[in-house]
Every structure is written in structure tokens, then in C-alpha cells.
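So that you can tell them apart, the chains are marked A, B, C, D, E and F in the order they are listed, and the count of residues begins at 1 in each.
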Amino acid sequence: MELIPGGTLITATPEEGRALAVLMARKSIGNMQPDTEVRKALRPEYANNADSLTAAAHVVAVEFATVAAANGYWRK
Amino acid sequence: MELIPGGTLITATPEEGRALAVLMARKSIGNMQPDTEVRKALRPEYANNADSLTAAAHVVAVEFATVAAANGYWRK
Amino acid sequence: MELIPGGTLITATPEEGRALAVLMARKSIGNMQPDTEVRKALRPEYANNADSLTAAAHVVAVEFATVAAANGYWRK
Amino acid sequence: MELIPGGTLITATPEEGRALAVLMARKSIGNMQPDTEVRKALRPEYANNADSLTAAAHVVAVEFATVAAANGYWRK
Amino acid sequence: MELIPGGTLITATPEEGRALAVLMARKSIGNMQPDTEVRKALRPEYANNADSLTAAAHVVAVEFATVAAANGYWRK
Amino acid sequence: MELIPGGTLITATPEEGRALAVLMARKSIGNMQPDTEVRKALRPEYANNADSLTAAAHVVAVEFATVAAANGYWRK
């Protein structure tokens, strides 16, 4: 399994960097629970719970901090 | 869906940077739960719960740390 | 609503920076739950619960990390 | 109330920096729950609960990260 | 027990860095709960719970932030 | 009580730095709950609970981020 899709933290834009952060978080989950059916079953559990969504958004924010720093915050 | 509204982390002021951090967190949630009706239904669940609000404020703080660093903390 | 009271992360002292961090966290909550009466009603819920206070203190610590970095840690 | 005891993040040693981080976290709690009696009553609630202690230790770790950075990690 | 497998934070690629971050988190758990049988018994508890997986992914994200900074984000 | 065993964040190797991070987290707990018997009684509570172990591993990761930065990530 590829944990860092594309194999680099460098992206052309903040938008692509954010998408990478989301993917990195997802791959982390996939690495710990490789069974696609189980993951699918767990989806409504968190997608319909405000606190679960907040916790997942927190992980994306932490991943993005790393990706953004890697890209020098895409400053010109 | 646009994950980074405006496509840049650079803002003119701390106030705009903070507003961007809030939006980034919201877009994260919207990306995981794209159904507007579900999100609307979840709103009272967290907006009337002290711990849920604290958790959401935590995410905003983490997003803002990245936005603030990107902008060199808006030092003159 | 003003999210960053004073519109700057720069403060004269660590003490003022800490007070700003506390205010930033509060404004975040106020932004998500604008109803003053609801916020007042939620107050005893977290102010009398050890874990809720710890979680709120965590947010202040994260906000302060950003404010402190912005001010170069108020080193002379 | 003083939020940053001593009014500076600069300390002579890592040990003093750590003690400051602990104090900063405590002052945060004291700022949100100023009633000493209530805080005393809450103490056994978290001091006898493993997860509460872990959450409190987490806050100290975050505060210490800021204090340590402020002091250039006390490198010689 | 080795806490940092390989004894270094430096890796050739982001992918290897991410794998190291995952291992570091696992070694942390193994250090606190050295009984392999207990850890095996706990596995379904978190691998089938969305919030537990999110919390574990959060730890990986934090470990990875350190590994990525150590490697200068693998910029060329 | 010594909060930073050895009184310095500087270690010879990442492995020793990681061990220091673990110790710092433990000393934090010991500082808040100084009764050894209580801490011993709490141990099974978290060592046999997946989420408690994850939360504890999170604290170690945060402490280690500081120790690693202090040591310039042990780059040669």
C-alpha cells in the first residue's frame, strides 16, 4: 500500500496540497483497517456524527500543516 | 469542491486569515459529509454542546497556525 | 464579528499574548454559537467538568503557540 | 490574574521551563474556573482517572513546546 | 525494545518516512503494553471503531510531522 | 520532583531522545498524581484499553516533536 500518494509532499497549489492531506489521512486509516467492507460499514458511524467529523477534520488539519510547510506555504 | 477557498493561504490581515481557517475547517467537514441536509441536522448536536464546540475551536486553532505561518504572522 | 480582537497577533508582552490567545479561542466559540444565552447556559457544563476544562486549556495552548511565534517569543 | 507567571517565557533551564509550562496550563484552568473550591472538588475527578491525566499531560506537552522554542531549547 | 526502528529519523523518501511514523506510533504502544496477546486482543476494539481509527491516524500525523521536518520535507 | 530527567533536552541519539520523551510524559503524570499506589492502580485501566493507549501515544509524539527539534533531528 502506498501511504503518500504520488510519493512526494510537493504540490503545485494549496488546493492540491489539501487534497493530498485528506488522502494521507485516508491511507493511514486504510493501513490500519485494510478491509474495504469494514471501512465502508464504519463510514455512516462517523459521517453522521458531529464529533466524529470534527475529529477527522482535526487530522486533516494536522496533515495539511506538514504539507503546507513542505511547500513553503506556496508563497510566490 | 474547493477545499481552500480562494486557492491561497495568503491573506491581507489576521482577521481574514482567521476567517480562512474557519472556512478550511468547514470545507473539510463538507468534503467528508457532502449532504447539506445531514450537516444541517448535525449542527444543533455540536452547537449546543460545550465539548463539541471546544473540539471544533481546536480544529480552527490548528488550521490558523498554518495560515498564520504562511503569512509570516502578518508582521510588518 | 471580529475573530482576532485588535486585528493583530503582535502584543507588547507574553501576558497580553496569552490574553489574546484566550480571546481568540472564545471568539471561535462565539462564531460557531452566536447565541449569548446558549453560551451562558453551556458554561456550567464545562466549567464544572475537569475534562472539559482540560480540553479548553488545550485550545488556549494551541492558540498561544501561534501568538508566541508571531511575537518571536518576546525575546529581547 | 496573571496568566504567564513571571511575565516571560524565558527560563534558565529546561526544568524551570517545564515547571512554567505546568503553571501556564494551571493558570488557564484557573482563568476559566476561578472558584478555588470548585477546582479542588474537581481534582479527584481527574487525578484518579487515567484518561484525564493523559489529557492533562497532553496540554503540558503543548505548552512546553512553546516554552522550549522560546528558549532555543536551552542549547548551549 | 527499540523505540525508533533503524535509530534515525532520516529516510530516503516520504513513503519510507511515513512508514517510520507508523512504526514509531506502534512502538510507543508496544512500550506501554508489552504483552503481545493483550495488544492482539485490543486490535478489533479500535480497528472496527471509526473514532478509534481517527485517533490513531491523528498520532501518525503528529509523528510524521516530526519525521518530515527532520528530512527537510524531502525537497530536492 | 525532576520533570526533565537529566535536566536537558539534548540526547546523543534519536532512540535516547524518544526514551526522554516517554519519561517526560510519565513525569508529567507523576507530578499531577504523586501517589505511586494510585498510579499503579490506574495502569490496567489504560494499558488494556486501545483508546487510552492511543491517547498516551499521542502525548509521547508531542513530547518527542520538541525533543527532536531541540536536537536538530540528530542530522549529521
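In this text, a contact is a pair of C-beta atoms (placed from the backbone, for glycine too) under 8 Å apart; a residue touches a chain by one contact, two chains touch by 3 or more.
Keep in mind that this is a model prediction, so the values were computed, not measured.
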Exercise for review: Enter the minimum step count from subunit C to subunit F; a value of 1 means the two chains touch.
Suggested key: 2
Check your understanding: When you check each chain against subunit A and subunit E, which touch both of them?
Key -> none
Check your understanding: What's the call on subunit A versus subunit B, same or different interface residues, using the half cut on shared numbers?
Key -> different
Check your understanding: Using C-alpha centroids, which chain lies at the maximum separation from subunit E?
Key -> C
Check your understanding: Between copies subunit B and subunit C, what's the superposition rotation on C-alpha atoms, in steps of 5 degrees?
Key -> 60
Review point. Centre to centre, by mean C-alpha position, how many angstrom separate subunit D and subunit F?
Key: 15
Revision key, fill the gap. Taking each chain's mean CA coordinate, subunit A and subunit C are separated, in whole Å, by 27
Point to revise | Distance from the mean Cα position of subunit D to that of subunit A, given in whole angstrom | key: 31
**Study point:** Two or more partner chains touched - positions in subunit B
**Key:** 46, 51, 55-56, 58, 62, 65, 69
Exercise for review: Name the ring's chains in order, please, starting from subunit E and stepping to subunit F first.
Suggested key: E, F, D, C, B, A
Review point. What does subunit B use to touch subunit C in their complex?
Key: 13-15, 18-19, 22, 46-51, 53-58, 60-62, 64-65, 68-69, 73-75
Check your understanding: Across the complex, what residues on subunit B touch subunit A?
Key -> 2-4, 7-10, 24-25, 28-29, 31-33, 38, 42-43, 45-46, 51-52, 55-56, 58-59, 62-63, 65-66, 69-70
